[in-house]
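A, B, C and D label the chains in the order they appear, each numbered from 1.
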Amino acid sequence: MAKQAPVLEVQDLRTYFYTRTGVVKAVDGVSFSLMPGETLGIVGESGSGKSMTALSIMGLVPKPAGKTVGGKVLLDGEDLLQKSNSEMRQIRGRKICMILQDPMTSLNPVYTVGNQLIETLRMREDARGHGLKERAIDLLSKVKIASPETRIGNYPHQMSGGMRQRVVGAIAISGSPKVLIADEATTSLDATIQYQYLQLLRELQKDTGLSIIFITHDFGIVAKMCDRVAVMYAGKMVEFAPVRDLFNKPSHPYTEALMRSVPNVDEEVDKLYAIEGQPPALDKLPVGCPFAPRCPYVFDRCLHEYPTSVTVGENHHAHCWKLI
Amino acid sequence: MAAVTSVTTTATRPGWLRQMRTKTRRLKLPWIPVAIVSTLVICAIFAEVLTSVDPREINMLEARMSPAVISEFFGGADANYSWSHPLGTDVMGRDMLSRLIYGARTSVLISLVALSFGMVVGTTLGLIAGYRGKWVDALVMRFADAALGFPTILVAMIIVVLLGAGMLNIVLAVMLTVWARFARMIRGDVLAIRELDFVTQAKIAGVSAHMIIARHIFPNIVNTLLVITSLQIGQVILLEASLSFLGLGLPPGEAAWGIMVAEGRTVIVDVWWLSLLPGLAITIVVLAFNFFGDWMRDTMDPKLRRA
Amino acid sequence: MSQNGAATSAVISVENAQKYFPVSKGVVVRTTIGHVKAVDGVSFEIKQGETFSLVGESGCGKTTTARMILQVEKPTAGIIKFQGNDLATLRSEQYREYRASVQAVFQDPWSSLNPRMRVGSIIMEPLLTNRKLSKGEAKEKLESLLEEVGLHSFQGDYYPHEFSGGQRQRIAIARALSLQPKLIVLDEPVSALDVSIRAQIMNLLRDLQERYGVAYLLIAHNLATVRYMSHNVGVMYLGKIVETAPTHELFTNPMHPYTKALISAALPSHPDIQREDIVLSGEIPSPLNPPSGCAFHPRCPFVLDRCSKELPVLKELKPQHEVSCHLY
Amino acid sequence: MQRYILFRGIQALFTLWILSLAIFLSVHLTGDPAQYLLGSEAGRTEYEQLKKNLGLDRPLYIQYIDFMGDVVRADFGKSHILGRSAREVLMERFPATLQLASAAFLIALVVGIPLGIVSAVKRDTPIDMFAKFFAVLGIATPGFWIAIMLILLFGAILGWLPTFGRGGLDHFVLPSFVLGWAAMAGMVRLGRSSMLEVLDSEYVKFARVKGLSERLVIFKHALKNAIIPLLTFSGLTLAGLLNGSVAVEVVFAWPGIGRLMLQGIQTRDFPIVQATVLAAGLFYILTALLVDILYAYVNPKIRYE
């Protein structure tokens, strides 16, 4: 890959929640970069901070409890964290957009899908007046919705989950953003519908040169869709690698254990590896490495100090003392 | 942790006190509403002890005396008051304080009776409608809708036509709407709980229908029941006062806050305390119950707690 | 269906089971305008100590099939046999014995445990409802069950909210085990759990099967889970089993176009894995008004003329491998 | 949609029928209307004659059929106190109540809904605190008492506003405020909670994600959804308004049907009682039906069923 400027660069992002029981470090020093046309996967379990990373990038951390307290989010070199609310509004939908998890509730039940598409189109200066409806129909056919002319007058509840998620996709790409974040966007879809949707995203990416961030708990989506992968655990990014390197040589003990504990569709597995214990509560994180209590390789240092980033291959880093 | 607490409880007394304090502090009990509600209940139970004056005793010589607690400090030279009537007297010379205390008893009594009947009937019907479903549910809910939506005042009037004014009339009118509120909420809860997997599991294990209701469904609606009850008390007291005010309840002259407000209405300009005091009492008590109910809902509603 | 040979070892056999839900319309007088054919003629059997999986997408009828076996739903037609005896002909105590022999573990570990009951009473409820036990026996049994599923014996006094999702699923398994059932229905037992917890539960279930020879009916949508857990698999589409085969055979040699598409759509375990690309067009049709002939024909990439007219039947194409498709 | 309206219509008719039955039975089961009409001094033959004239000697079900016929023709007989047809009196008084209730309802809507919405959008600000306080007071204070206190303050002490009877616009201020406050309080509370819920929804989050202005997010996406439960509630509010209007009409000497109803009860004037209770019931049921239809219209899930 030629040396290019990244379209999105996140540096040491920190988003904390201030609750009665203490400070929850939902995102704690996350850094990564995203190249034009690239697909990045962020994998983690519930509570790993992967969704909150996405909301922090979008500037939509739930207030007042949550706050992004540090770091930089550089989109084309401009720090989004320094932008005012109204400036962010110009950026959202146009330069960066997001698909949320639940297609059943992402669309407003009291407006037709056409209405919700057109209102997004209308926000852009170059799209006033005539032809909005035609462009909306055009977008619907782009996401492969059959007979878009009639579908445009439908209310969300008249559509299936897969179709609603396509409409959400159409709205998300309507502003021709450079970056699209898909937060568990296919989790609630059935297998064959999910497959259709992933295929569609891939085609859209090929046509528009969009960069996509997939936020998921499923290594399968990573294997199928992503170029590079970040693994998150307890608010921290524990491993970062090109996708093949990650699957061939998982370096962080958590990544390794997780991969060995996931069953395989492609071959019979004799016995899965079972990770001991539970993911930690974010307001009661242990000192040192948060994975230490469940780690098979744990030694003294892990319990006292958080590991530094170790380079284990080209563009492949992991935070683990074992690797030094 | 609970076990640890109970051990120390029996061991040392000061520890017990301190623990009670930390426990209640953790619950963040709303102290002012609790104090008001307690005062009300104490007045209702110990009315005879708290005041030796008969609330119905007429004494025209001591009529229209202004409240001593106010006139002592703000009253002009011509103010007619006496410390034997701290809150003054009405146009017939009846002692306001004693009437207010006995009025508390009326309020508590009526709302307690009406509410418990409403609760029992409503909960039972709600449980049956929710668990049985189908036409039973449809029937019960149609009646509940009608009872809920329908203006209570019309119901009360029809009952007055039927039975004449009286305490029973108020209790009936209140009951006829209150049961529906319970039935509705409980039924909604039951419908949700009935679909939960632990009920299906119990069915698979062969547990009988009445055991499922008793062991799996009822314990899970107790919270809702407490919350609705505490939120309803205020409304019931208000309803009782309104009906009394209109003369649809107890006969005039009885000690009920609504009647007292009505008696003061025509002479409001001269004898302002007659209406002011009982109305204030109603407002404060209803406010207290509302805040207490809100607190109950916030602490007990598992849906809110899980979020 | 095939009655030959191992009839004795079949714990349960389902023959042509159907479940139709009526759909009604009308304001005052409600008239039935049609039926949702949730399950439309399903047959299979499960042998002792084996896991049979039903896979398919939402609305395919796999859960309804399980609920019929659990007797939560009464079949509209068809026969369910328990150890060779038709359930419909069982006398009441035999029927009670059947209910005790078939237990279940459900998907959501939060809704499957009564929050107002102690874990001990939850686990012991099926046992105490069906058997007479002394206090001492009950206590002993509870402790052994808790340890069996990897919990501490003192945890029986705790309430469900004191446990995590994975531990709750262990409690649910202990309850299902308490009556030493012949069959446990596992309805998506791991899909609500965190990824790192799933392997713990799947391994536990496999260990228990090895130890007690209990049979499982596994309902799952994740093919990887199915491949890891089961001996035989049935693929369902719109209320019918379209293909059934031993696990290895099904995954290495899928024959029905729908099975092929399902496997093609399953996410790969490694980025280098390339699959035959079968993208199905369209959505799953409504079971209220299923397509004529083969219900899959509007989405099938290999559709023939006769598919829309003739209903295909299951044919045994290889030993134990049955497919219902006009292509063969 | 049509099916839904038809269903609600049938339900409304059924409720009305139950009400009429309740009135018929209560009037006919409590004592003897003929006795009331004549007073206690009347002779036996006179009494029998009157009973025959009134048709009271016939079987109950025949009387009921007659009664239903009268109800359909809105003929409730002659008030023996006022000496006029009950329908006439009713028609004379009805506009007063309608005006008062409409004014109160308008206040509740115009003040209550915006206040609730603003309170949710500006959560935990002084506006929110004020709205919550205002609402909780409105729910807890008895309307009849507030009415008396306002008469004392604005009428007797300050002398700013008329305190009784019907007249110019200034006569509306106090009664409609008192009547509207409780309804308004309910609207504030429900408006606030339903708006908070909507603001927390995925589609509002998605509207923000796609870069809509805050104005569009709140006024287009959140508002319409938040108002749907308020519509249902406003139907229930009407019942509350009818409840309250009796006391308010009595306190402010407002010549409406609420006061007429109470007078009818106190004087055992059955034609008046029948007329007013049925009219109030009909009014309530019709408005509730209207609200239901409106609700169906706003909510596409029902409209397209």
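FYI, contacts are C-beta pairs under 8 Å (C-beta built on N, C-alpha and C of every residue); 3 or more make two chains touch, one makes a residue touch a chain.
It should be emphasised that the depicted structure is a prediction, and the values quoted were computed from it without experimental measurement.
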{"item": "Selected interface, B-C versus A-D, where C-beta contact pairs are more numerous", "value": "A-D"}
{"item": "Taking each chain's C-alpha mean as its centre, the one farthest from chain C", "value": "D"}
{"item": "Between chain A and chain B, centroid-to-centroid distance (C-alpha), Å", "value": "52"}
{"item": "Chain C and chain D, separation of their C-alpha mean positions in angstrom", "value": "55"}
{"item": "Sites on chain A touched by chain C in the complex", "value": "45-46, 146, 160, 162-163, 190-196, 199, 217-224, 226, 243-244, 247, 257-258, 261-269, 271-275, 278-279, 294"}
{"item": "Chain D contact footprint on chain A (complex, rising order)", "value": "58, 60, 85, 89-94, 97-98, 100-102, 105-111, 119-120, 123, 155, 157-158, 168, 171-172, 174-175"}
{"item": "Contact set on chain C toward chain A in their complex", "value": "57-58, 164, 166, 194-200, 202-203, 221-225, 227-229, 247-248, 251, 261-273, 279-280, 282-284"}
{"item": "Interfacial residue positions of chain B with respect to chain C in the complex", "value": "196-198, 200-207, 215-216, 219-220, 302"}
{"item": "Interfacial residue positions of chain D with respect to chain B in the complex", "value": "11, 15, 18-19, 22-23, 26-27, 29-30, 136-137, 139-146, 148-149, 151-152, 156, 235-236, 239-240, 242-244, 246-247, 250-251, 258, 261-262, 265-266, 270, 273, 277, 280-281, 284, 288"}
